[in-house]
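One chain, chain A, links the two complexes that follow: it is found with chain B in the first and with chain C in the second.
The block that comes next holds the complex of A and B.
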């Protein structure tokens, strides 16, 4: 009984409690990122705590946006203890730890486990990746979100796991099933990264994770460190049995690789390993090992990523009409400076309109949010995407700001694009059939879609009176509900394209881009 | 086999014995193969469809909706018009004039109340059923002894946002009403002999248990069919490709009077959406009319709403005339047994 109690107080047990707590907290934030449950919870807290997000966006924007200052809370323990985040807090790390433990049961042979946890040269790849991403950020393209574990895990939950749950248990996650463009790509990447634990325990954390590389670099300065007493050590290598980071505690500890999981301290039969304040550094390899030429290669890839991406023209003249950004988004180049592809906006969107783009917005815009009006539309009285965006790619706008009401009446509403009719597909325009669903659902007042009554002679010679719809470009806000509700569902007879978006001066449609005198007259007009 | 066979003596016969299988083993292995073959053949035969068919032309079946209408009374009015200042007293006055809620709801009834929450709008814009109208009706239903009250709608905008921002979710929480979202499994096909509406996916979940149905509709302008009132409110019970309804909107709305025989309908004309319907969007689209109409004949109620609340010419409201001509109600509300009261 007494010994059991002492076991509970062991650091390993404390760590397990922390892991369960932080993993559950992450899942909690994922689940409550829904209009029905989101009551001011900080749904993007893990992203705001992520120092790589704050560091990289500070490089691209020269500012630290709102809650990102919280990442200082993680810098402190890293400078004191090392990469404690990786094994105590990071939900993605905890997932890999758990999967590794599950797979490790098959690797029951002690020797085999020890061999699996020795340091490999491959593990320096993550530093090369980090260098490439930082160099790309310096050039002006934020790509850390591709592999940052918090962004990656949020994105995987949003686009692959939550919809998967809802497919097997209908209406368990969403009232109506959500769909995400290219969800299978993100889903298979998740499966691949989790599955790699079979070959290399904690493959993602040891080999790929740029946040781990960032924290590893910082942890060179840590004050408390794992220390091995060479006089007590009998070279049994048992400390490697459960070493999470593959940080070689059996010889010269690689501090930048150490996850501070404390398994080695407890596995050592000779009590030769301890966690000490300022142990002598000569027994360690303190800094990360990155061969200089590989680092150079990494920075070249970063430069190339930016230059080839920009050179492809999708951020400039050859912009894609389908790149319709969420309301409150900053101008496209600034957007790519800020968006970390965490897809929190996509998770919280109440209509499923927000989608992870694949190559629509070019190489740099992979998995950034765009609107797909076939799947949803932008809800007029909703600004949730901006509320959860941790980096301000989508600004935290108010309803008044979005709709151009109250103090924002002069500026007018935020426009996402403009709707255009395709007369050849429109029922009243070319098929002698009444419709105007588009006008019905148009949410602005006065409606941007109006109709004119015409009486035509049908093919059979009988007259029919119909209403034919038109768009008033000065009133259209590009919300896309007309396209979403159009009965011509494969390719709607009215479609929104990006032209006319207020976030960009270059992409406006009307000369004054806002409320015209004719509109003011219309507002006074009675029906 | 003996423990130590002498190789020179036994090699040949032993090898032969080892190569030969026993009768038992032969039976088991041949039997397994045969059983698999027979099983596959039987399954194939059972699942075989020898005739070709054209997809989408199979006979359709669907559920029939019950008749929830109250018994016809020769004494009590079938329609009541109440004028007042607030929802609670005006709704009470209207229902009271009909003979009180106890005429419609008996102790133990399970009541489905259908508001119109089509859009994600605040109540003041009058594009959705006002939360106070719902509260007043639901309170009367609970006072009459209802065992359970459901609130359900299949909005055009996202369901969670519509119920939250219209204020109806708050009412459901306050009065302990069960709010049903239009979930994936909430729908079943409905069968009807309508003019256009024959077979359509229907929000069936609340009707599995409901014994009474009350519609609580706002009075609104509509861009295509001129007005959305108590008949058009039932649009929100249908699912699927509803956007096709606009192609035959007047036939469809009159079909709703055939589809649904409600216990009671309440038309909330306290604040009427006069223009830019059915979505509205500005307070200037809304006019205060201070009226609630309740009744058992939707056609009569909507006729009054169109001519006296939206203040328009009833001659242009095609669906009312269709419904009247199909004997689904009486558009000449003055000919019905009605009562006009002040709250």
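The block that comes next holds the complex of A and C.
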């Protein structure tokens, strides 16, 4: 009993408790990112704590979004104690740690484990990746979300894991099964990276993680760190047996690689390893070792990524009509400066309309959220996507602002796009079949869809009275419920495109923005 | 003596070495660990506490935010009707003409102030008399709401176009709480139309075929949670929030109160009164304003389904001027003779002209007597159809 309690007060034991706690907390946030459970929980806490998100968005936007100030709570401890985040808090790192323990060389000979945990030059790749991403950010393209572990894990859970759970256990996650475009790509990337732990322990954390590289760079200034007493050390290398970071504690400690897991402290039979305040510099390698030419290559890739991506025109005149962003989104270039592809908005969307884009918005916009009206529609009285966005790519708006009510009546509602009819597919227009579903479901007041009665002679000679629908572009908010409910389900007879969205001056459909439409004009005269 | 190779890790020389367990833990480490455990617990508490405090409006519709639309657009209609003429580009098409909508296309007409009872133009809802049934045990939960044709959809959304088709004029509605029953309430809706026949048409369209008849309303039924009936030009819906007997009893009381206070008026419902009650499926009674059975000459038609001779027979009646009734009968005969149909004129019966026709495997027997046209349609058995019509004309089926 006494020994158990004593063991609990070891730092390694506390680290394990912290791992269980933070991993459970992350899973909890993923689960409650749902209209039914969200309440006031800080579902995006991990993203707001992520220092790389704060740093990179500060570069691209020249501001720090309000919630991202929380990242200081991680930056300060990193400057003091090193990369504690990677092994104590990071849920993705904890997952890799666990899978590596489960699937790795756990029962193998000690020698194999020791060899697997020696530092390799390959581990400098993450710094090259970080450099490339930072340079891209300086140029104006925010791509840290592709490999940042918190963004990656959130995205994988949202688009791949949660829907997969719901397939196997129906109604466990969603009321109705959710689908996400390209989920298989995201899912396979997750499985691949996690599976690589079998070959290289903590493969992602050691080789690819840009957040780890960022924290590793900050760790160069850490005041406390692992120290090896050469007088006590017998060179048994047992400290490498469970070393998570491959930081070479058996020789000169690589500060930027140490995950502060305390495994080496526990494994050393000679009590030669301890966690000390400012041990001698000669016993460590302070800064990350990144060859200059590789750093230059990373920079060039970053510049090229921005230039080639922006040069495709997808954020400019050649924008894709299906890139319809969530309500409250900032203008497209600013959106791409802020969106970290965490897909939190997709997770919380109650109608499954938000989807991770592939190349619709160009290379820069991969996995950023767009609306797919075939799968859902934008619920009129919902602004949850903006509530959970950690970077302000989707602003926090009220329902009044979204619907253009109350104090926002003068500006009108936020428009996501405009609906257009495909007369060749519309039942009353070309199939002699009555249908007014689109008009019935149009949620705005007054309705953006109206119909005109016309009586025609059918092919069999009988007359039929039909109501043929029209769209008033001044009233349409592009919510997509008409497209979603259209009975022509393979390709709807009414489809929403991005033109007319209020967040962009260039994409306005009506010269006056629809402010002085015949219907709106009456409203103003009455006021 | 061989020199030991110090480069070989000692662990490798002892493959079955017992795993080392550190036992010496400094006081500093213990204090730090304890502090960290407390910090972790504190983080959990903060997250849990934050989850309890939130703005419920973030997840709920703010009804107040919608109030700004209630004084909405004049002259707008969710469905525009042309005032006459052919729709451009529509060869052979005719535009439906409706006398009820005063708005020009584009909705720029300024509607006059006030509404008229039985008026034919859509006007904004004028705040009229509030609904104040004096029923013990009921207390108003809200003010009376008023809706006109322009903003009816704000209250009933997708059902609105159907109401507008029957020349809806005004909706008055109010909610009443049930004393002594928390969470129980009764909603009262009074939909006023321009004519009793249009009120009946809307009532019949929404009628629940499983509803039970009401003793205090000739056109009415009760459902699981409410009472639905027509009184004059008003279609009433009284809906209880739950099936608590007290709530249902109060809903019934409101219904009876309103049935007693609203004036009875069956103008234009002659056709309805002529449908025989014997054998009728009450849930099947319908009113079709235009193009009944796809025929332009059949307007303001009342129809119902009857059990007769073991078959279900649809039967309709149209009341019109004698000349119009005769013209309609003639047109129907001509139409039935087309497309390979077999039509034969039958001997007159009880002052009525009759014909019998078979089209596409079903039978119809149509009569015309002075200002009344009607008959059985879509019957599988022509003889049975003829029997029914002849018995109706002779007064044997009432």
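Convention: the second predicted complex is superposed on the first by the 514 of 527 C-alpha atoms of A that agree within 3 Å, B and C clash if a C-alpha of one lies under 4 Å from a C-alpha of the other, contacts with A are read in each partner's own complex, and residues count from 1 in each chain.
Here is the rule we use: a residue touches a chain if its C-beta (ideal position, glycine included) is under 8 Å from a C-beta of that chain, and two chains touch if they have at least 3 such contacts.
All values derive from a computational prediction rather than experimental measurement.
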Combined model on chain A: chain C and chain B, fit or clash: clash
Partner chain(s) touched by A:109 [first = chain B, second = chain C, both, neither]: second
Partner chain(s) touched by A:381 [first = chain B, second = chain C, both, neither]: both
Chain B versus chain C as contact partner of A:63, first or second or both or neither: neither
Which partner, chain B or chain C, touches more chain A residues: C
Chain B versus chain C as contact partner of A:433, first or second or both or neither: first
Which of chain B and chain C A:451 touches, first, second, both or neither: both
Touching partner for A:489 - first (chain B), second (chain C), both, neither: first
Touching partner for A:467 - first (chain B), second (chain C), both, neither: both
Contacts of A:176 with chain B and chain C, given as first, second, both or neither: first
Chain A residues contacted in one complex by chain B, in the other by chain C: 35, 381, 436, 439-441, 445-447, 451, 467, 526
Residues of chain A that touch chain B when the two form their complex: 34-36, 170-171, 175-177, 350-351, 379-382, 427, 433-437, 439-447, 451, 467, 481, 485-487, 489, 526-527
Contact footprint of chain A on chain C as seen in their complex: 6, 9-12, 15, 20, 22-25, 29-30, 32-34, 36-37, 40, 43-44, 47, 50-55, 57-59, 61-62, 64-66, 68-69, 71-82, 87, 90, 92-96, 98, 105-108, 150-151, 153-154, 157-158, 161, 290-291, 294, 296, 338-339
Complex interface listing, chain A residues touching chain C: 3, 6, 8-11, 13-14, 17-18, 21, 25, 32, 35, 38-42, 45, 109-111, 114, 234-238, 241, 265-269, 271, 381, 383-384, 387, 399-400, 403, 405-406, 409, 436, 439-441, 445-447, 450-457, 461-465, 467, 518-519, 521-523, 526
Touch list for chain B against partner chain A, complex: 119-122, 156-161, 164-165, 181-186, 221-224, 241, 243-244, 246-249, 274-276, 278-282, 285
